[in-house]
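Below is one structure, written out as structure tokens, with a few remarks after it.
Per-chain residue numbering starts at 1, and chain names A, B, C and D are given in the order in which the chains are listed.
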Amino acid sequence: MSKLTLTQAINAGLRKSMEEDPKVILMGEDIGTLGGVFRVTDGLMKDFGSHRVIDTPLAESAIIGTAVGLAYRGFRPVCEIQFDGFIYPAFDQIVSQVAKLHMRTHGQVRMPLTIRVPFGGGIGSPEHHSESPEGYFVHTSGLRVISVSNPQDAYTMLRQAIKCDDPVLFFEPKRRYHTKGEVDLDADLSRAPAMGASRVVSAGTDVTLVTYGPLVPTALDAARAAADEGISIEVIDLRSLSPLDYGPIEESVRRTGRLVVTHEASQTLGLGAEIVAGITERCFNYLEAAPVRVTGFDIPYPPSKLEKHHLPDLDRMLDGVDRVLGRPNSASGL
Amino acid sequence: MLDEQADPGALNQTGIHQLISPDGHAVVDEELSPFVEDVDDAAILGLYSDMVAIRRIDSEATALQRQGQLALWPPMLGQEASQVGSLRALAVEDFIFPTYRENGVAYLRGASLAGIMSTWRGSANTGWDPHAINLATPQIIIGAQTLHATGYAMGLVLEGKDDVSIAYLGDGATSQGDVHESMVFAASFQAPVIFFCQNNHWAISEPVGLQAHAPIAGRAPGYGIPGMRVDGNDVLAVLAATRWAVARARSGGGPSFIEAVTYRMGAHTTADDPTRYRGVTELEEWGAKDPIARVKALLQSRGLLDADGEAAVTARANAVAAELREGTITMGDPAPMSVFENVYTEEHAILDRQREHYGRYLAGFTPADGTKLEGSLS
Amino acid sequence: MSKLTLTQAINAGLRKSMEEDPKVILMGEDIGTLGGVFRVTDGLMKDFGSHRVIDTPLAESAIIGTAVGLAYRGFRPVCEIQFDGFIYPAFDQIVSQVAKLHMRTHGQVRMPLTIRVPFGGGIGSPEHHSESPEGYFVHTSGLRVISVSNPQDAYTMLRQAIKCDDPVLFFEPKRRYHTKGEVDLDADLSRAPAMGASRVVSAGTDVTLVTYGPLVPTALDAARAAADEGISIEVIDLRSLSPLDYGPIEESVRRTGRLVVTHEASQTLGLGAEIVAGITERCFNYLEAAPVRVTGFDIPYPPSKLEKHHLPDLDRMLDGVDRVLGRPNSASGL
Amino acid sequence: MLDEQADPGALNQTGIHQLISPDGHAVVDEELSPFVEDVDDAAILGLYSDMVAIRRIDSEATALQRQGQLALWPPMLGQEASQVGSLRALAVEDFIFPTYRENGVAYLRGASLAGIMSTWRGSANTGWDPHAINLATPQIIIGAQTLHATGYAMGLVLEGKDDVSIAYLGDGATSQGDVHESMVFAASFQAPVIFFCQNNHWAISEPVGLQAHAPIAGRAPGYGIPGMRVDGNDVLAVLAATRWAVARARSGGGPSFIEAVTYRMGAHTTADDPTRYRGVTELEEWGAKDPIARVKALLQSRGLLDADGEAAVTARANAVAAELREGTITMGDPAPMSVFENVYTEEHAILDRQREHYGRYLAGFTPADGTKLEGSLS
């Protein structure tokens, strides 16, 4: 076991994948000489050469579009999109090509791309640097979407994503890049939890709190705070956003009868909508109250001095918990 | 100040390479002639036969569309020389990224006629295995395939192979950002990719002059990529130009750009009505430059096309047409449950559940009007 | 009143808007000389000139991006995206510019763009010509999204969209282009229903069936068929997809206790997710059964010979109704 | 075959227009000199003063960022001549579409210093009314603004105005599809737009040679747009080149493209560490071409910069710095409820409900740790 930050864990996952398979190559802006603006790819160009760690010209559609061509040729490109807000120029290639090519070719051409996206807010950045675009990709059939919340998952799930023959959007919670955790670098991948599996990260009995990526630590804090007040929250880390793994959520909601979903992305058609709908369909008779969503508002991401008023924090999560419990101290009183 | 260039609409502009004149005479071109020195009479006859065959594909498919056997068809009438000349310059290892209009290319590359038609019938998204014949599926998103070809060629560099890739694109496509980004990446990585642009003068109803105020091939040098304008109705010139580009690419010379100046004699697709936007004069003018007629004239002037030869060419075209028709009208419909296939390579909890539900629905269900559901569950 | 097809009604709405305001201009591929591939803009270049009906080069990002510049200059551009599947190259300009500029400039720059998109399936087209991308835009804060289902709404709502100072995505159900209906061309816009208002198009008491755009006529057929079996369906045409107008749906569900949402778009994070979540939040105590979604599957749009197996039809809607009523003849038995 | 062009990395290439040599001597340029005939000594002194002032903005803002008063700052050190020369060629009616780096341009166009800083502090998305000073907000999405400038210029054509628009862009930006599409549209509609590209040799850590294998301005002719390469560290040459482009545009000559060859002496932003990717030699080489030093040398050689003159220039720079600092550190925080403002121009049922809930939440809520919420509800 090694103690690694999230960035180091991702770096290690890339390194391991490149060692294991010469067809794995990295592409992106500033990922080579600089090692990435977040240093995620630090040292990899030096060790693997500029033919496997490719600094590309500044054009996102081309990064993804040429990765498609490389995949045609049998490569497994891992593309970095520098920040969440810069993925949109590549949207067409992702939605109309990457997501559809396997079906279009009757399964004869595979698109084992991994698209790494540092995402989410909380780091005081300017416009376009704090977005949560995952919903767009979850709505896109043909893609897999995952989001990691800790170094061990980052290491393992990145390796799984790269090994997966389907295209995977890999969302990295940039405000957790410096979070440290134990990582087993030699763990047997075949015995790791499946890439598509969600996970209960804190057991509880009163309320099920579902989240992913950057808000997992916040949700755990909320669970601890609630415990002080005698409320027992079960926290579930989705890990896989597409496909959603309803198993643990269903099991939990059948016990708690109460569901809160929280994410940074805007509410309307954010992941919360799907989970509330999906759980209502699956667990209707077990629900004791309407599920609650605690999310970013339906606004463009605000200037950084205001981001704390957009992003769900511990207090807003607890407010959501109060609401789902019908407790009168819910301040927003939906 | 760098100079502006001339109007791209001008048809008989200097700088367009040609090896056969519209009336069928051989022309010498210093740059291109060396690339077709080995093309003997038999080879020219072969090119002629190819062109006749794909024109026949075009007319047969157009007819089948009118008869309701195909949902849509994009004619290639007038562009046979561009398709045949470029394809015949490639080796089978070279990978092709075509648009929807390169159905002649697909046939010559080895796709089955029924396979080609399956897409236009609406039965399948692909009619061949791209890896089996090194041919991607027809791209509908304008310009997108040029990035794929560039990436493929980048892969060839990484592997140290001397194969090449080729992206077909139209004149309209040159306005898309993806095409520009392809040129940037191709130049940056010196990728062995050929951008083969068929300037057929129209993008649906929009004339090429709307897309470009200067000859399209003139954009290439700005990227450090050599550009070549060639008479796209001259199969030998197209063959030579593509060979030039292939030779450059194979020997590490990197990307190149070919503008084949040709003309879309037909409608954009069978759903289009070109009389709404273009006059007959233009059509007549280009009719006089027919790509097949000029090779035929060349062959005849050299006494190479006797009755037997012509009969063989016709026989091949007839056989192609028959096979195409037969393959189309006997094509079975895809199985309903196949909508769920190949979305992912592995299990997918959400989609698998939808598949299961729909399977149960189809199995247990008789529509209100009592009809039976077509196709079998698979 | 005039009897017009949907295309003619849109054409009339464009004409009227251009007559009323010289700042209204049309932009798009093949919209001028040809009159559009669906003939929606037929005759407008002839009547208004090529400076107001602009055939643009073939580049969607540029169509929207230059429209942004034109809006800066005080124009009200109405952009046509030729088919649904061709909107993705413009996604960056729509999401990062069109949607955000009003907020970015503290309300000082307005973006009164209307983006017309023929959408949806059912016309036997090749790939990329039958998509339902509305969900991407509903999830994007800063945009308004509407979808019309009949000639009168098309005429009125297009005029409202063009007059609106916010950017509006205007989704036209292309398989209904030839549907005819009475249109009052001289109706007073100030007395028309608000652009953001949904509408009960068929009253009923047992089940609330919510839909929009191309499936409204199908839903009405389903209501008629169900009536024969003694089931009373209330059909609601959303009209506005963003913002959603929950009023009539809430009112209806409080009476019926049963909700079915149907659309062509894929299920995961399709509009149905938001409506099921929103109604569950708002009407939890009135729901007698879990809401049901009848939607396209989570697949890339299939070849046209298979589209009838992807698109919800009358039978699948009735199956959904059976499910929400808990009737044993529900074939899919969710 | 059209020719390839030379390496864009080459610094002292022929074809780069210059009016002041790096050591401060006036140079005659046949094409450009006529455009600055009226620029007298006072005007040159003014340009010098402008450059000193914006360099001071740069150093002051960099310091404020280190002190935690700004979240981020993108230095313009070394690019003062490009910013001043281009801006000073424009009339106030001409509309400017800048990137994040044109903060000198913004100041000279009349944005308040506090306004400019509000964005870099993270307090506001804009620090001025774009319509009031004909200046768009700084664009962060690389290349996007070039389409806006093109559209704006198309609007000018529609209105028959003789104003122009200008899009600033970097060398890295030239790889983006949007920039290409801008050139296509600008050429097609003969829009009076100036593409002003500051080739500062770097796009974060990527050298210009990665983006382009031929001089960037050499791409313009391919579209039928004239291109001009100018010494971007020479304020007179930049002024002249921009005047040339403006004159063309105003008189119906359509778009033009200027490549100002300059150098980013500082980091990409205060978050960047350029020692990771570039050596000191390059920096020293460019230090010798400093844009301010050369005008100063020119002025001094002509005896135009006495102690009083220099004092006035310094005084202005000091005043600017003081105003900037004061405006930044006294800036109030935006009101929490302002996150809901200006998303739409009219009511919006869903967002209005969220606003109402959050207002209630804020009003009724004291965080667990007992702190008070900053700012007032608005």
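Here is the rule we use: a residue touches a chain if its C-beta (ideal position, glycine included) is under 8 Å from a C-beta of that chain, and two chains touch if they have at least 3 such contacts.
Since this is a predicted model, take the numbers as computed values, not measurements.
Novice: Which one of A-B, B-C or C-D makes the same contacts as A-D, at least in over half of the residue pairs?
Specialist: When the residue numbers line up for over half the pairs, the pair is B-C.
Novice: Of the other chains, whose C-alpha centre is the longest way from the centre of subunit C?
Specialist: D
Novice: Hey, how far is the Cα centre of subunit C from the one of subunit D, in Å?
Specialist: Chain centres of subunit C and subunit D, defined by C-alpha means, are spaced 40 Å apart.
Novice: I'd like the Å distance between the centres of subunit A and subunit C, where a centre is the mean of that chain's Cα atoms.
Specialist: Here the centre of subunit C sits 30 Å away from the centre of subunit A.
Novice: In angstrom, rounded to a whole number, how far apart do the mean CA points of subunit B and subunit C lie?
Specialist: Between these chains, centre-to-centre, one finds 35 Å.
Novice: Got the subunit C residues that touch at least 2 other chains?
Specialist: In subunit C, residues 56-57, 59, 61-62, 85, 89, 92, 96, 103-104, 127-128, 141-142, 242, 244, 268, 297-300, 334 touch at least two other chains, as defined above.
Novice: What are the residue numbers in subunit D that touch two or more other chains?
Specialist: Within subunit D, residues 124-125, 141, 175-178, 181, 184, 188, 210-211, 343, 350-351 contact more than one other chain.
Novice: Going by the contact rule set out above, which residues of subunit A touch subunit C in the complex?
Specialist: Those in contact with subunit C are residues 61, 85, 88-89, 91-92, 95-96, 99-100, 103-104, 127-128, 135-136, 138-139, 141-142, 242, 244, 266, 268-274, 276-278, 280-282, 284, 287, 289-293, 297-300, 334.
Novice: Per the contact definition, I'd like the list of subunit D residues that touch subunit B in the complex.
Specialist: 1-5, 31, 174-181, 184, 187-188, 210-214, 217-228, 244
Novice: Quick check: in the complex, which residue numbers of subunit D touch subunit C?
Specialist: Checking each residue of subunit D against subunit C gives 95, 97, 124-126, 129-132, 136-137, 141, 144, 147-156, 158-159, 165, 177-178, 181-182, 184-185, 188, 341-346, 348-351.
Novice: In the complex formed with subunit C, which residues of subunit B make contact?
Specialist: Residues in contact with subunit C: 71-72, 100, 119-125, 140-142, 172-173, 175-178, 203-206, 210-211, 271-272, 276-277, 333-334, 336-340, 343, 350-351, 354-355, 357-358, 360-361, 363-365, 367-368.
Novice: State the interface residues of subunit C toward subunit B in the complex, per the touch definition above.
Specialist: Touch list, subunit C to subunit B: 29-30, 32-35, 37, 55-59, 61-62, 85-86, 89, 124-129, 225, 267-268, 297-300, 302-306, 309-310, 314-316, 318-319, 331-334.
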